[in-house]
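Going by the order they are written in, the chains are A, B, C, D, E, F, G and H; count residues from 1 in each one.
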Amino acid sequence: MRREHVRDLLDQVANGALGIDEALGRLSFEPAESLGFATIDHHRALRQGFPEVVFGEGKATGHLVDIATRIGERGEGLLVTRLSSDGAAALAARLPALEINEIARTAYLAPATRTPPTGRGTILIVTAGTSDLPVAEEAAVTAVAFGNCVARLVDVGVAGIHRLLARRDELMTASVIIVVAGMDGALPSVVGGLVRAPVIAVPTSVGYGASFHGLAALLTMLNSCAAGITVVNIDNGFGAAVAASRINHV
Amino acid sequence: MRREHVRDLLDQVANGALGIDEALGRLSFEPAESLGFATIDHHRALRQGFPEVVFGEGKATGHLVDIATRIGERGEGLLVTRLSSDGAAALAARLPALEINEIARTAYLAPATRTPPTGRGTILIVTAGTSDLPVAEEAAVTAVAFGNCVARLVDVGVAGIHRLLARRDELMTASVIIVVAGMDGALPSVVGGLVRAPVIAVPTSVGYGASFHGLAALLTMLNSCAAGITVVNIDNGFGAAVAASRINHV
Amino acid sequence: MRREHVRDLLDQVANGALGIDEALGRLSFEPAESLGFATIDHHRALRQGFPEVVFGEGKATGHLVDIATRIGERGEGLLVTRLSSDGAAALAARLPALEINEIARTAYLAPATRTPPTGRGTILIVTAGTSDLPVAEEAAVTAVAFGNCVARLVDVGVAGIHRLLARRDELMTASVIIVVAGMDGALPSVVGGLVRAPVIAVPTSVGYGASFHGLAALLTMLNSCAAGITVVNIDNGFGAAVAASRINHV
Amino acid sequence: MRREHVRDLLDQVANGALGIDEALGRLSFEPAESLGFATIDHHRALRQGFPEVVFGEGKATGHLVDIATRIGERGEGLLVTRLSSDGAAALAARLPALEINEIARTAYLAPATRTPPTGRGTILIVTAGTSDLPVAEEAAVTAVAFGNCVARLVDVGVAGIHRLLARRDELMTASVIIVVAGMDGALPSVVGGLVRAPVIAVPTSVGYGASFHGLAALLTMLNSCAAGITVVNIDNGFGAAVAASRINHV
Amino acid sequence: MRREHVRDLLDQVANGALGIDEALGRLSFEPAESLGFATIDHHRALRQGFPEVVFGEGKATGHLVDIATRIGERGEGLLVTRLSSDGAAALAARLPALEINEIARTAYLAPATRTPPTGRGTILIVTAGTSDLPVAEEAAVTAVAFGNCVARLVDVGVAGIHRLLARRDELMTASVIIVVAGMDGALPSVVGGLVRAPVIAVPTSVGYGASFHGLAALLTMLNSCAAGITVVNIDNGFGAAVAASRINHV
Amino acid sequence: MRREHVRDLLDQVANGALGIDEALGRLSFEPAESLGFATIDHHRALRQGFPEVVFGEGKATGHLVDIATRIGERGEGLLVTRLSSDGAAALAARLPALEINEIARTAYLAPATRTPPTGRGTILIVTAGTSDLPVAEEAAVTAVAFGNCVARLVDVGVAGIHRLLARRDELMTASVIIVVAGMDGALPSVVGGLVRAPVIAVPTSVGYGASFHGLAALLTMLNSCAAGITVVNIDNGFGAAVAASRINHV
Amino acid sequence: MRREHVRDLLDQVANGALGIDEALGRLSFEPAESLGFATIDHHRALRQGFPEVVFGEGKATGHLVDIATRIGERGEGLLVTRLSSDGAAALAARLPALEINEIARTAYLAPATRTPPTGRGTILIVTAGTSDLPVAEEAAVTAVAFGNCVARLVDVGVAGIHRLLARRDELMTASVIIVVAGMDGALPSVVGGLVRAPVIAVPTSVGYGASFHGLAALLTMLNSCAAGITVVNIDNGFGAAVAASRINHV
Amino acid sequence: MRREHVRDLLDQVANGALGIDEALGRLSFEPAESLGFATIDHHRALRQGFPEVVFGEGKATGHLVDIATRIGERGEGLLVTRLSSDGAAALAARLPALEINEIARTAYLAPATRTPPTGRGTILIVTAGTSDLPVAEEAAVTAVAFGNCVARLVDVGVAGIHRLLARRDELMTASVIIVVAGMDGALPSVVGGLVRAPVIAVPTSVGYGASFHGLAALLTMLNSCAAGITVVNIDNGFGAAVAASRINHV
């Protein structure tokens, strides 16, 4: 509630146009409404136009089906991430319209009214190796669900640098680039040095031994010698896509 | 050098319009230029229109002055980061046009021809506490040097959440938001839940004990429960600003 | 045995009212009793009026049933924590009066003589997300078993700050607040800045990647920018509740 | 500003007892006050009756003197923590009424109107060794400044357990106990097993090698086998005292 | 082979009492024997009088049975540690004389000729909690197999310090003390302050969260404020017993 | 494409001996071919004469069989590493010519035309204990597949140093030595002090507790007091063998 | 106070030979004396016959001189460890009889009545390199002060294994062996495999990079493949010597 | 001493050609000589033809000068690494023939008789950035001192990949390549994918924040997706050069 609105309200109270209880109610109600996030009613929920997102990991199958059914009925779309194969089967049985992506471990229910992509450019998702695909696909499914066009560039790790250089055109024309890499996590540094676009690096837990479940790749990316790389959590394809979508909707 | 340019060149050679040595020179130069990073002759250097950037830490004062002088003579602008007070004094003595920022530990030499900001919107830099200011200022100086408008919101940490909520308008209208926080690093999660814009989180080494020189804040930010936050290295105000500038120039 | 009691005893020995062997027995027994922990015969056991507590993890089902049966027969109450589903089934078959809480993974046997809560105020248990519920429920069951009134506030994480602010009244009236959060662990800092009451933060292992099984949330809470937050071990809802009960019984 | 105060204000506006501009001014001030943290204008600041707290580390001496002088003029009291010896000298020169504690590294300015302690019981501060004294003293100074009675028990580490047992009476009568220990950090477990009162453990950075600057003691305390111990950051005597004061004012 | 033995051998060669080939054979055999580890033909194997030791973890059951059978036939005794229940069953079927200890996860085959204990005093094994028993039992079985008398003191953790103090006589009369503790690992510090005997601390992986699988207890013990505590690897009851046996045979 | 080759090409274009499209094709193709990695079409793939390598871990059995079949048809050889037993069975059923090594967890298909080893000397693979054999065997299989002669020295850990010293001749005559060790990882330091040849150290995850899955051995090796030891990732027998093969083909 | 002494006391009270106040005083004093550590009035202090030990690090020079002077006057001996050069100079000026050891950073004041060594055998202190000498010397000075004979073996690291093997006789005849090593920390494993005596390993902070200030050597030693090695804190020569002295006095 | 030499000796004893004392002396001397490392009299010392190496860090200037003078007098060459500027000045004053390299922090004294390089090929030292030069120079000085030809390629980090690709000829013709990189440590992966030669990666401590003093680069290199990269300790240019020299002398 802006200062001028409060003045109006006080004017109305002073001249009797507004009762005290009514005024009191409005002032009491303001803190939430004036903050503008009255519709954020789920801790990962997102604004209108975007689907509800449910983090599937650790949720009982029964609960998951109930939540998905209830949200699905609203017709505003639904994205489930980190879905187990059991959970996927149960959801598919109840909500046949769901699009299950086994590699991405996602389930997506489009809104009743499909709309064309609202993001301006293309989000390019680049992966270092084939083992990084599940994380990359989670990013791709999320980015599409959030209203973006997506392109992919797979298996172009730095140990065979020509594979990346041969695809410069695709790199140069992307609006935002998500680079997914495990093991040494070196790919974002090379990509970041080639393009002007924002680059979001996603470390994956691919590797063994001193990869420490993705810590090595995470540290590599945080210390990138290419200026302006940003990083998300290990295996967080979802978060990278939401960040890319925020950028693509600026 | 794009494929069509090479064809033109070969046409000219075939019809004698271009001598072989001349063509050879151009092609020899191409490997770099055709890749689009011919001017990237420093590992942090950036494309034309942006200033050269020199990382001041660990460089001898003499070397620093030499490098700065040589780059400064080109008239294309120069930004020195992580500058010691000795280094700042030496640079100021040699290049009086340098703008020294003691808090940010930067020195900036504007290009001979100043141009208006090229970024579309405003980059808002938010800090949790006053101790985070040096990192925030490094980000601010960098963002301006890279052609962006900058606004600031200081000392709005989550332990007094009303301070942040009172500034919602500024948060809502920013194009990109950089959130700088040490200690618990909790501020980006709150900001990320309030706005639609891209949020870049910068952990700082402010704190003691189990802050482990910024590790605590870094981990907090990587695990943010607000979707779509991206993170840079501890104390890396420069990198956050370059990322924000990339986004602001999409 | 306080100094005055020893004097009494010596007086009785001096005037023959007490035999030497009898006196020796009492003094020999004293080291424990005078310290006030004669009844502490289990390493997590607690003083009279409180139930015995058994840590269920890693105990064979047979052993667990034997221990629970023996303690249960005393009629002084029993609380089993970190109980497997197998263990719960076995306990329920033997001790039908046990109250099994599957989410909290606890089994509780009320004392033969139920007494009203002995703590002065209400312990409020706040959770950031629904995945934190098992830890929060362990805290709730424990707090009740230790003689406290408990209230709950669920899914009010900082990424949707309005959800928390809308519940200020509950926060303001609590005697002690336990805040349970995984991932970024940011919620206790916000709560700690809103209230005057003691705040106990419980990091949970909810999250993935760089959450490092709760380490990220733990560090966040230890570095809270809200003064006066204290912290317990990751997923230690039991310990938080005992601490809260100690406070509530000051 | 509580709900009833707003109603009063609106009543006064309605009956003309209060002008609109005057009411507007008060309500404008409200957003903070109605949330209950109107006086929290510094990210560590505390509620009325308590002094302002300034974290001295990393602040320039000039800034520190300015801040202290300005706050000091209000007459509501001031506590500076983590003060360097240079900073202490500068503050003492400007504000002669300041009480400098060199061991605690604090400076304290009592409010113009001294009040008797407001906390109900005594906060007992226990230290394992003499090297832990600076952290213990920071806690003591803070607890007193926040309106509590303080007692001390020094150098009673577990390697000579009789020293602690000989002081049982003091342990048993304390309202809250702060246990400060470095190296193995074992003392809180023993104290927590002896008393019913809340126990706050403060790990210190005393030690070398595998103490890793207090990490060893911190982990010990988080894993205490005595139920209901809570922990604060390494060397955080200030935070422990604020937590104890919150408990002592429940 | 000591210097005087070589002189004897050379004397015999010089006077013809020993043939050259015979002498060569002995000397060729010497490099090992003269070093005193000729019988060390397995990387954990031990000197005569002690049994062979086989580390059972990770070995295929078939291999384990073969190795145990071959060593068992020699009649010099055999100790298998870290034995799975499958491995134990297979070994028991083949070598009925084996003594299987399920808690310790060991299998022991006494030498054909049993000898009385060779160590001078008693090795006392103290445990903090009942969950530490498997490690304590591994130590007990090993110590007996290596020719030592063993006594036990269980469940005397520091959270109920009277339980330990009540057993001072046993502590005072032991020749060597092994203290086994998980969680906070605080017990060795208290024991080390009570006795003059050597104290070997064994951290266990008992605990959860910030115990980090025994790291917390390990660090506690390495930083013990009681002088002269030594430490072995997490859960290494075997190693502690061998060290104690070395001391008991000095 | 070297400078002189480009000059030739331009000469041919100038004198009409080469058409423009033909020249364009060659130049376009050059960036890859002139780098010499045109055949590097898999991120672990290697140059002609060496087999293709497939990392088996985490790949679905179906995919693995498809990839192996396709590569196997080329007749240039194939090495699969980190193969599960299921994967091995499926591969063996489809490609009977595959040589499965269960200990090494590898499958090897020799090229259609077998060639004699191309490396100059012998690669000696030394293991500290029998538990290190799987990693050592992976190295052995890889080294042979890459055209090297291999010798083995097993179970010669430093706790029985005579076992190693007795095999000096084998150590002294090797061209390259790979030392595989878990637990304390001390063996490479001793070997590195005995020989002149390059020594590659492979830490293994053999151990428990504070071995932290091979971290202890890794750190030991990185800090070797023998000059000139190099190290690969934990359990990376494959990488050590490729490095040794590079050296053996210098 | 043993049980029979208490009986005597009670007898005396019963027959009037002892007044109640007198008896009360003795019993009050007993808790400490009956435990046998009445003289343990400092957390590192030790039993009669041994000197008082003062940890010099972090103590102000003035305090150090005061403490040392007061203890020195008792004539029972004094050992100061981790002494700065300033502290050493100040102590030497006040207590000329002090024996300063600059390498060990110790100051030692023999008891007024020197006694011959009370330990049975020789404590052998072995060092891997010359940089480990300060820690080894701290151990040597401590061991002598605690009544032991000491021998030394220096610079016999495993990278030149012959140096160690050439000194087998000294190794074989020692009663206890302290092995001091930084960097890879591999020496204790070799020594532990050669001898029957107890081996105490001391990791030192000698090294750089991935030695992480002694962590690498610490982990190596904890994972030693030689059975029965025990370990103390990084750089803790003092603790190793006290442990060795405990063993040497069994 | 090989078997046939011992037979000769025994033959001579048997036929009286050799006295017993003489034979005894030779056999006693053998253990060292027969192992072939009789000349390894310093723990980093190297075989004839190579210079003695002294690790300068942590050595007192006086000691350093004494050691260097004594070794220098032998005329066999000397290399001092990690030399402070004070140490360098002192050494230069005493041994004017020393070649001081301030960037590498080395001092080198050539042998009295200089010999041409003995290594077969060229060791190429590649650096990612100018801040890595000190480590690269230490490697270069060491490689030359050990008898190798050295070439350099500086400031070719992956953020400007064209800089590296433009120098392919130098990469392809090197016998061994040492790649020195801090920050993200990504360069060795790219180089390893381009060449067939052995690649030794040296992480440096260049960076800040989450570089954790070189840990990030170390982990990157250990997890390199290019097969056959080996790694040395952080900042260990010396070790990388010795390893490269071993390879170059195979």
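Methods note: contacts are C-beta pairs under 8 Å (C-beta built on N, C-alpha and C of every residue); 3 or more make two chains touch, one makes a residue touch a chain.
Note that this is a predicted model, so its numbers are computed, not measured.
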Neighbouring chains shared between chain D and chain H, ordered by label: A, B, E, G
Chain of greatest Cα-centre distance to chain F: D
Of B-F and B-H, pair with higher C-beta contact tally: B-H
Chain copies touching (chain G, chain H) - same or different residues, decided at half shared: different
Furthest chain, CA centroid comparison against chain H: C
Inter-chain centre distance, chain C versus chain E - centres from mean C-alpha coordinates, in Å: 39
Averaged-CA centre spacing for the pair chain G and chain A, given as whole angstrom: 59
Two or more partner chains touched - positions in chain H: 31, 35, 37, 40, 43-44, 128-129, 157, 159-161, 165, 193-194, 209-211, 215, 218, 222-223, 225, 227, 233-234
Pairwise chain contacts under the document criterion: A-B, A-C, A-D, A-F, A-H, B-C, B-D, B-F, B-H, C-D, C-E, C-G, D-E, D-G, E-F, E-G, E-H, F-G, F-H, G-H
Contacting residues of chain D [partner chain E, same complex]: 128-129, 157-161, 165, 183-186, 189-190, 192-194, 207, 209-212, 215-217, 219-227
Chain F partner contacts - residues on chain H that touch it in the complex: 35-37, 40, 43-44, 46-47, 53, 120-121, 165, 168-169, 172, 175-176, 193-194, 196-200, 218, 222-223, 225, 227-234, 238-240, 242-243, 245-250
Residues on chain B engaged by chain D in the complex (per definition of touch): 128-129, 131, 155, 157, 159-163, 165-166, 206, 208-211
Contacting residues of chain A [partner chain D, same complex]: 3, 6-7, 10-11, 13-14, 16, 20, 23-24, 27-28, 31
Residue ranges of chain E in contact with chain F within the complex: 31-32, 35, 37-38, 40-45, 55, 57-59, 203, 205, 213-215, 218, 233-236
